[in-house]
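Pasting a structure here, questions to come.
Just so it is clear, A, B, C, D and E label the chains in written order, and each chain counts residues from 1 on its own.
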Amino acid sequence: MSLLGPDEWQAVALSLRVALWATLAGLPPGILVAYALARWEFPGKQVLNGLVHLPLILPPVVTGYLLLLTFGTRGPIGAALKEIGIVFAFHWTGAALAAGIMAFPLLVRAIRLSIEAVDPKLEQAGATLGASRLWVFATVTLPLTLPGILAGAILAFAKAMGEFGATITFVSNIPGQTQTLPSAIYAFLQVPGGEASALRLVAVSVAIAMAALILSEVLSRRIAKRVAGA
Amino acid sequence: SGACAEQVTVFAAASVKTAMDEITARFTEETGETARVSFAGSSALARQIQAGAPADLFISANPGWMDTLEADGLIDDATRTDLLGNSLVLIAHDPEAGAVEITSDLPLADMLGEDHLAMALVEAVPAGIYGKAALEALGLWNAGAPKVAQADNVRAALALVATGEAPLGIVYATDAHAEPSVTVLGSFPEDSHAPITYPVARIRDSDSAVADAFLAYLQGPVARAAFERQGFTVLTE
Amino acid sequence: MSLRVSIRHCFGGFQLDLGFEAPPGLTVLFGRSGSGKTTIVNAVAGLLRPDAGRIALGDQVLFDSARRIWQPPHRRRLGYIFQDARLFPHLTVRQNLLYGRWFAPRDSPPDEIDRVIDMLGIAPLLSRRPGALSGGERQRVAIGRALLARPRLILADEPLAALDEARKSEILPYFERLRDETEVPILYVSHAPAEVARLATSVVALQDGRVTRHGSATDVLGDPEVTPLGAGAAGAVIEASILRHHEDGLTELEAAGGLRLLIPSVPRAPGTPLRVHIEAQDVMLATTRPERISALNILPCRIRALRMGNGPGALVQLDACGNLLLARVTQRSVSALGLCDGQEVFAVLKAVSVAKGAIAGGPRPG
Amino acid sequence: MSLRVSIRHCFGGFQLDLGFEAPPGLTVLFGRSGSGKTTIVNAVAGLLRPDAGRIALGDQVLFDSARRIWQPPHRRRLGYIFQDARLFPHLTVRQNLLYGRWFAPRDSPPDEIDRVIDMLGIAPLLSRRPGALSGGERQRVAIGRALLARPRLILADEPLAALDEARKSEILPYFERLRDETEVPILYVSHAPAEVARLATSVVALQDGRVTRHGSATDVLGDPEVTPLGAGAAGAVIEASILRHHEDGLTELEAAGGLRLLIPSVPRAPGTPLRVHIEAQDVMLATTRPERISALNILPCRIRALRMGNGPGALVQLDACGNLLLARVTQRSVSALGLCDGQEVFAVLKAVSVAKGAIAGGPRPG
Amino acid sequence: MSLLGPDEWQAVALSLRVALWATLAGLPPGILVAYALARWEFPGKQVLNGLVHLPLILPPVVTGYLLLLTFGTRGPIGAALKEIGIVFAFHWTGAALAAGIMAFPLLVRAIRLSIEAVDPKLEQAGATLGASRLWVFATVTLPLTLPGILAGAILAFAKAMGEFGATITFVSNIPGQTQTLPSAIYAFLQVPGGEASALRLVAVSVAIAMAALILSEVLSRRIAKRVAGA
């Protein structure tokens, strides 16, 4: 299709990859944190809760800058990870990290709400039947939380598709490596007359996100139907 | 339609904030009139002026946007002046790095090795555009292009070098000037890129009585001193 | 294995403070709505941690506030049939039934699943989800789920309340078999006197969070002072065993003192111990042996005690060859027949009355 | 006001296809678990829209698939006591009870609320939330909530299943009064034969989504062919009225043909119509009038029919002065007494048996 | 307190006002849309759902630009509203609008998840007792959805406190008028040596959001306790 140039297609592919990874890699810790916030009492719970929300409150540039300081090759964590061959700086994985962190509060909130809606009586029933806490979680809580996980995942995906401020600050914009759709769009908007080009990219971005959205609605409806017992 | 008569509203590129804060404070002290400054990216400000923003003056970091407004008939052409100038420098993270002369012989690729050259967006942001033009003029672009990490603005590019993420970067002299954790290796020759100017103009619809006074004040000695302290070249008499 | 419970717990206004020992077999918790039955069951299950006390199953201490022992529910290996079914809505009926199996030792007879599914009549439901079940179907699946977990202790909170009589009569024998043929103790909450009489090895009567009476079913149900069942349910329990089967479908029982009883056939081998619950209102008294009457059991007795009620009725305690029997008659009959303590009378009872839902395999001795 | 229901509905494997008319008074839906009772009640309530059919309450059509009429539930003004209580968890017990009042016409007697709260014994719970109630307490609040909505139609889906006998006996008279003293039709699901016998004006017996028998309580319960209650519950219903009260606390009833019955006192004025449910297994037969026996009711009868069962029992239909009576005896007694069709015998029954939970104010004529 | 200058206090006050209004004004339409998405079937449902998520997918600059085009004084809606005296352009109301729109998807998702978790059987019970759909909503669905509404509100508030891209693009960064905390932070970050000042503002912003977060946790726990029946 000649709608987009090769660079732009690259940005589309990269954005998809970044958003998918940001969402998928965010899910396990997201579920864990959501569960902890929903069901456990522990010291520092409010601190954890605050931390999770931080990317929402901070201007993205600040988040990006903080990421640069910690996960950059010279940052404390970044340096350690580099030893074992994991690099975030100027790499698409860094874009995924930034997008994932920006999307994390949305993911956690949705999952947490769903976990809170699971009737503890069902979890108790699982426990009396011999399931340990972990098993109860895996066989009762988690399946009943699926709609929330799906909702959280789609929010996170959409957010990751649109994230730009933290990403560009952290990993900048290297075509083919870290140039995602939103940074390409941003670039077009900086120059007079770039609106039309920006619009094409916006359309692509919206189309992808809408497809994901519709998919998630279909899945979620199927889950709801099964539980309602049709 | 402009703001109310007792004050002047200036839309200014965010990079002149420090100097402008000082200038507006002095202006208020001296005249009793207030000047409000809205700092944002030049593109955002220009679009807002297109949409009817209550701005009296516009200081753009990008002459292109001023051209656009002029073409749209939104500014008072007669008042357009190139207020400030700036220059491009090559900076390094390494505090020990020695000064180099920036010519076509500069071994940029070797200096970078596996690492990146931090710049602002080379197609979109003025500092990036000027930087790319300069590298092209010096015949260094092809060697440097694959290594360029483009930030969304000069400050972000500076931050990449300041944190050491990128060993080298190309930024405005004004930015390098105030950042202690980078070392200026050298300035790009002025003829390697189009002159870096910050035009100012009065908005056509502005009805502020203070606007002209403030425009004049911007070109006065107090403003000149403030701008120069930040490393700008003042282009007006 | 016996279950020893002794707990104190306080909910806002409600105070639970009680102790009892449930011997092997089936112990019925019996008491009015709100008397604390579910609270006790929850404490035994580990779903509620009482303020203080101790709960032990055989040698194993499940909870001891003094020694700070607390076994989490999943280590207790229970089969809890909840008052509300609590099926897992996202699993099919089959998956619900098999849930406990994942965690149970795999030593179960292979046909057990089919047997339970058959008994509960839920074979056609296996692939449905709980959302598409009727109330009684849901309760039956809940029973199956608990039974199939191969528990070491069964907790049943009104398991049959939502079921029709026919279905109840299919499921009751299963509980009887569990009680008689396995070592698994059963704590059973029920409001239905017939169920209590039929199933209970021992009965714990509760009121306002306290035990008002506790003992073997024979004792508690035979005591005219304790009629928490409502007056209609007062009755005696006679421990007997099968003597022989008659050809016309009747079974003859023998109780202490050589007392013989005829009841409709019970398909058990001669010698099997049986428990017979005889409701006071099913017993007539006659001062001469009635002739040409359809009742098959005409038992010579001596009146042990006569207790006049506030209404028109009287409760008569009888000694039938050493067995306690209760009869509820009108005061008019008492005076018409001139009944008095120590008098010899005949207790008249029909074979079918003795049989109605009140026959049970007697609990194992011990 | 009578309720006419005629609906077809299909759920996956289950087919409902039936019609019946519930006359004013209380109509019991009766059938095994999964037979479609709740489905019918939901259709009447408007919570389920059947595939086809018609439901009308008096003149008002609630649903008519042919004419595309559908009244939403909130316009039907119902009091639905759900099989699962469905209390509002965020409201206190008091707020739950008064919920329906917000939407009901304000013409209720001011003491009604207190009366209902008293009857249900929920006064101490008023400020709690449903999460802190026991199963039976929850069910009682649900009953109160439905009754206080001042409905034009009461739907009760096993309202008393979770309650103890004592509590049941406090609530049953309230339903009787509703049935007898108001115009509100009641559709009542129950598995308990005693409840059915006591409350029903008419009975609809269901099986697999179809009506198998429908008629007045007298007809359905007196028909030995229909024993959906389980054999134990077969019995006859005799329409009688109070003749007089005796000083020793007994009440004398008179039925058709001058038949007299003595039962423990019923606190109603002479002349009040009463319905008496006499279970077949409470009736003995004698070929000569028994003497010196505690039973007060010895009724001369003629055997109308003798039906031998598969087991050792037999069911005998008797004509007592034109009233139908059923007796369950053993086949051994049949042959010992030489019973045969047309024979004159005496039915022997105790005053207390007649009384047990089976006496009810007869439904109003019409 | 001399921690912040007068301009900065103004920005704090404005940010609070903007975030509060964005959240409060967003609640009624948010609840309505969430209810429609959770419980109704209507043509265009997927379109509505997509529209709601749009601000998440689009780079904030694009959202801001679109707002400028439609709600600016020369935009089609902006011009019409100006006739009846409602002005968004370059006014704090515009900042609230931008923040509200950016926060809207978060608000709607949280509320929708909560509505979907309300047992329809309870709503049915309300209906049989004579409550019309609206009354059932007000007396059963809404109170049971409170935890989700609270969660959505706090997400929206945090997002509104942090929103910057769309706001600065739409209403610019005029001190005392449209300069919120995040845009003030942005401006500081654009100049050499502004980091320390930016950091102070970030701290204020985080403190406010954390206070709101803790408040919401306390409220939500109280609600949960009441429903659990303590």
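Quick note on the criterion: a contact is a pair of C-beta atoms (placed from the backbone, for glycine too) under 8 Å apart; a residue touches a chain by one contact, two chains touch by 3 or more.
Just so it is clear, the structure is predicted and the values come from calculations on it, not from any experiment.
Novice: In contact with subunit A and with subunit B at once: which chains are those? Just list them.
Specialist: The common neighbours are E.
Novice: How would the subunit C/subunit D interface be labelled, same or different, where same requires over half of its residue numbers to be shared?
Specialist: Same-residue interface.
Novice: For subunit D, which other chain has the most distant CA centre?
Specialist: Result for the farthest chain: B.
Novice: I'd like to verify one number: the distance from the centre of subunit A to the centre of subunit C, where each centre is the average of its C-alpha atoms, in whole angstrom.
Specialist: Computed from C-alpha means, the inter-chain centre distance equals 57 Å.
Novice: Counting only Cα atoms for the centres, state how far subunit A is from subunit E in Å.
Specialist: About 20 Å separates the centre of subunit A from that of subunit E.
Novice: How far is the middle of subunit C from the middle of subunit E, if each middle is the mean of its Cα atoms, in Å?
Specialist: 60
Novice: Provide the C-alpha centroid distance between subunit C and subunit D, rounded to the nearest whole angstrom.
Specialist: Whole-Å distance between the two chain centres: 26.
Novice: Scan subunit E for residues touching two or more other chains and write them down.
Specialist: 61, 65, 186, 189
Novice: What positions in subunit B touch 2 or more of the other chains?
Specialist: none
Novice: Hunt down the residues of subunit C that sit against at least two other chains at once, touch-wise.
Specialist: 84, 128, 132
Novice: When you check every pair of chains, which ones turn out to touch?
Specialist: A-B, A-C, A-E, B-E, C-D, D-E
Novice: Under the stated contact criterion, what part of subunit E meets subunit D in this complex?
Specialist: 121-122, 124-133, 135-136, 139-140, 143-144, 226-230
Novice: What residues of subunit E sit close enough to touch subunit B in their complex?
Specialist: Contacts found on subunit E: 61, 64-65, 68-69, 72-75, 89-90, 168-169, 172-179, 183, 186-194.
Novice: Which residues of subunit E touch subunit A in their complex?
Specialist: 46, 49-50, 53-54, 56-62, 65, 105-106, 109-110, 112-114, 116-117, 147-148, 151, 155, 158-159, 161-162, 164-165, 182, 185-186, 189, 198, 202, 205-206, 209-210, 213-214, 217, 224
Novice: Of all residues in subunit C, which touch subunit D in the complex?
Specialist: Of all residues in subunit C, those touching subunit D are 11-13, 31-34, 37-38, 83-84, 124, 128, 132, 134-137, 139-140, 157-158, 161-167, 169, 191-193, 228-230, 232-233, 246, 248-250, 262, 264-265, 281-282, 284-288, 290-296, 311-313, 327-334, 337, 348, 350-353, 356-357.
Novice: Going by the contact rule at the top, pick out the subunit D residues touching subunit E in the complex.
Specialist: For subunit D paired with subunit E, touching residues are 45-47, 72-74, 76-80, 82, 84, 86-90, 99-100, 102-104, 128-133, 145-146, 149, 155.
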